[in-house]
Amino acid sequence: MTQSKATRYSDRTKFTMGKLTSLLVLLHNDEMGGEIEEELARRGYRYTVGKVGSMDLVKVVAAIETSAKANHVIDPHAYREVHSLYHAILEAIQGVGRGTVQFGDILRTVGLTFAIVRGVVDVSGDSSEWISVCIYGTIGAPKKGFEHDALGFGYNHI
Amino acid sequence: MTQSKATRYSDRTKFTMGKLTSLLVLLHNDEMGGEIEEELARRGYRYTVGKVGSMDLVKVVAAIETSAKANHVIDPHAYREVHSLYHAILEAIQGVGRGTVQFGDILRTVGLTFAIVRGVVDVSGDSSEWISVCIYGTIGAPKKGFEHDALGFGYNHI
Amino acid sequence: MTQSKATRYSDRTKFTMGKLTSLLVLLHNDEMGGEIEEELARRGYRYTVGKVGSMDLVKVVAAIETSAKANHVIDPHAYREVHSLYHAILEAIQGVGRGTVQFGDILRTVGLTFAIVRGVVDVSGDSSEWISVCIYGTIGAPKKGFEHDALGFGYNHI
Amino acid sequence: MTQSKATRYSDRTKFTMGKLTSLLVLLHNDEMGGEIEEELARRGYRYTVGKVGSMDLVKVVAAIETSAKANHVIDPHAYREVHSLYHAILEAIQGVGRGTVQFGDILRTVGLTFAIVRGVVDVSGDSSEWISVCIYGTIGAPKKGFEHDALGFGYNHI
Amino acid sequence: MTQSKATRYSDRTKFTMGKLTSLLVLLHNDEMGGEIEEELARRGYRYTVGKVGSMDLVKVVAAIETSAKANHVIDPHAYREVHSLYHAILEAIQGVGRGTVQFGDILRTVGLTFAIVRGVVDVSGDSSEWISVCIYGTIGAPKKGFEHDALGFGYNHI
Amino acid sequence: MTQSKATRYSDRTKFTMGKLTSLLVLLHNDEMGGEIEEELARRGYRYTVGKVGSMDLVKVVAAIETSAKANHVIDPHAYREVHSLYHAILEAIQGVGRGTVQFGDILRTVGLTFAIVRGVVDVSGDSSEWISVCIYGTIGAPKKGFEHDALGFGYNHI
């Protein structure tokens, strides 16, 4: 195969911010994760990847919010940015929880990796900033191995 | 870089079924999608990828279910397989809907790609079959461009 | 065993209104259903049993409400009675739906029997009227046999 | 009483945007409604009041969205504004629906007045634009008089 | 303006119990709050206004319930009255929570004022007692100023 | 009446597994409870009945899960069986909670009896194992007598 890498991967420059966020969380330890990060940087997007494991829902919410603030994805002093992130986090947790936003209260625990990406998106000729949160990991009983994959995604204007 | 591709991609053989399902739906048009499909085939997993766009929720449920049956991911004559798939689909749609399982009823439409994967998973020394459903696409107003990314994921024993 | 029937069944006279409602819907075709009805009559409770099958949620709600009115379990001209019944019905349907109050919209159909009972209950030395609704039947795919049992229960002051 | 009107009503100039929105929908036909509108105008807020009655949820969502666009509360060509309004509307409808975002599907109808207000809010020394939606009216059976008050409220950054 | 106050405010005597409850919580510190209270008294309605701030959901439920009992809006010894109030409180909290009945568990706190009104309402020529609960205040991050308005409303027969 | 008991009760041998589970929890202290248990044994079904009372939701989930494991209804070492049971428990709790899966968090407590039944069911000529969970008891304020009946039911393939 004589295709250059640039050619082969050209579609990746067309990935939406949401797809990049999802791939970042799924592949940050994979070779392709590096390419995703390069694309995020090239676009000037701010992003971070973090981990949190807990039966305690509030710790999960707090870990994601803290990570976004500490890594300058949002401005912690601007309420509107915190508000935007918060709702994106809750949306992502709804995908992880599937039907009820509860972990330890219903005897399940999570081990999660999350990615938060924020940047300018062109929508219908209009450029404005949006934020997306993707959470991937395991959910299950508080017993090693008694768990399966979980994935959630939230998206908001910022 | 002198690493062989096999070395670079070695972790991908350790991806969980859920991660493979998620990457399949996100990357089926990408070069990496081919590698994901190779891994699925190597493991003997049954899978399919399909598309559905609608304001009508029931059409989305039906399209995913029909695709799984038509492509032999599940046995359409076995109620337990249909039951397992159905709940995995609903879980995935909860991630897409984030809070309410409604599309047209609340004036939003979806354009979705879905992947369904089914196969043997080793859990705590126990081998049994599971099914996972990942849905990726757009959700938004019934006006071109007034939409953003959505992602949902469901997982069940089969 | 030399116990008389009266002795054997003595506890049944102590059943709560909710338990009687549940047993009525589960056993109305069984010999024991007759005993349940006798107990309801002995207490002066008003009750009815009906059936409804549909993919259309609103038809289920309407069938139960209409049955209660037509059989004089509630006064159709008294809004407070209609209001009380309505919320008891919705509660029972939540048990049938388990997580989402939707049938056909998510490609499932129901075949249900319902019982509605209304009467005076002694609570903490206070006598007042309450209503209970129990729904039992099947829920599943719109394909014969691809369905399983479902049960829901609602209770309200009237 | 010798207090001047300005003195008596002075607190009203300190009302939050959300309180003004709620009072606008509750009092737009009352004398005090005029004062609320004056305060909104004084602050440079954009607002509108409208009505919608239906068993059809999507018509309620559409009526509120259309009114906001037609009355220049939001820019109909800016997806981020439409996105912000949409989530505020859904939040308000959750308050009206209390537990499930459904009207006709569960045999209830609504007769609603809504107010939408959008403007700059000072939060922690940070000035930015927010939107609030308040819905007030009746919800009940599709029979005149068999209905009671309902109220819902949503709020979002824009 | 030569209109008498009685004339100007005449519509207020036609306000529904739910509207009076909502205005009471929004305006109890405003001059108009006094007029609302006069109207409640004139109708012989029992009512109370209270405040509660917490991240702990159960404290909010308990504070409202306790206030209604302590201020004789309901009879604390009558289970049916407690049951009626309880469901009205939960409905109002659903409006405050918009989608999930959780505060501290999802890292948000509330500062709320609530009004509870109970009295005879004429519905379709039928007079019976109802109770309404309106909650107004702020919801947000546990950081001063990082919060916005919230409003919820519940209504039940008693 | 000269019908033999066997004849009179013949329909009971046709009861679905879900109906048997529901009757077991409702009637385990009644004479008919013995007949239900005989039928379960005759079919080779595994089952158990237990009790749990708490304001703490997680204790309810844990008690049901522990009882199923301790009484060999499921294999505690097989994740797929634990997964199947878990979702059936959650479904049953949704029926008990009616709208929100919360007990103490919203100031209510439960006193519950539960039955778990697992066995082979013939569905459309296909024989496979399913599990059903029925929960019956009281839900209410943390004050003796201020409570009413509650019922929930879950069903899953195993």
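Letters A, B, C, D, E and F mark the chains in the order given here, with residues in each chain numbered from 1 onward.
Please note the rule applied: a residue touches a chain if its C-beta (ideal position, glycine included) is under 8 Å from a C-beta of that chain, and two chains touch if they have at least 3 such contacts.
Bear in mind the structure is a predicted one, so any value in this text is a computation, not a measurement.
Colleague: Over half shared numbers or under half: where do the identical copies chain C and chain D land at their interface, same or different?
Modeller: Copies use mostly different positions to touch.
Colleague: What is the size of the turn, to the nearest 5°, that moves the C-alpha atoms of chain A onto the matching ones in chain F?
Modeller: Angle of the fitting rotation, chain A to chain F: 120 degrees.
Colleague: What's the distance between the Cα centroids of chain B and chain C, rounded to whole Å?
Modeller: Their C-alpha centroids are separated by 39 Å.
Colleague: For chain C and chain E, what's the span in angstrom between their mean Cα positions?
Modeller: About 32 Å separates the centre of chain C from that of chain E.
Colleague: With chain centres taken as the means of their Cα atoms, state the distance from chain D to chain E in Å.
Modeller: Each chain reduced to its C-alpha mean, chain D and chain E end up 18 Å apart.
Colleague: Centroid of chain D to centroid of chain F, CA atoms only: how many Å?
Modeller: 45
Colleague: Listing for chain D: what residues touch at least two other chains?
Modeller: 79, 83, 99-100, 102, 105, 123-124, 130, 145-146, 148
Colleague: For chain D, which residues count as touching chain B in their complex?
Modeller: Of all residues in chain D, those touching chain B are 57-58, 61-62, 65, 79, 82-83, 86, 90, 93, 101-102, 105.
Colleague: For chain F, which residues are in contact with chain E within the complex?
Modeller: Where chain F meets chain E, its residues are 100, 102, 104-108, 140-141, 145-146, 148.
Colleague: Under the stated contact criterion, what part of chain A meets chain B in this complex?
Modeller: By the definition above, chain A touches chain B via 8-9, 11-12, 16-19, 22-23, 26-27, 29-32, 91, 94-95, 98-99, 123-124, 130, 132, 134, 136, 144-146, 148-155.
Colleague: Within the complex, which stretch of chain B touches chain F?
Modeller: 77-80, 83-84, 87, 123-124, 126, 128, 130, 156-158
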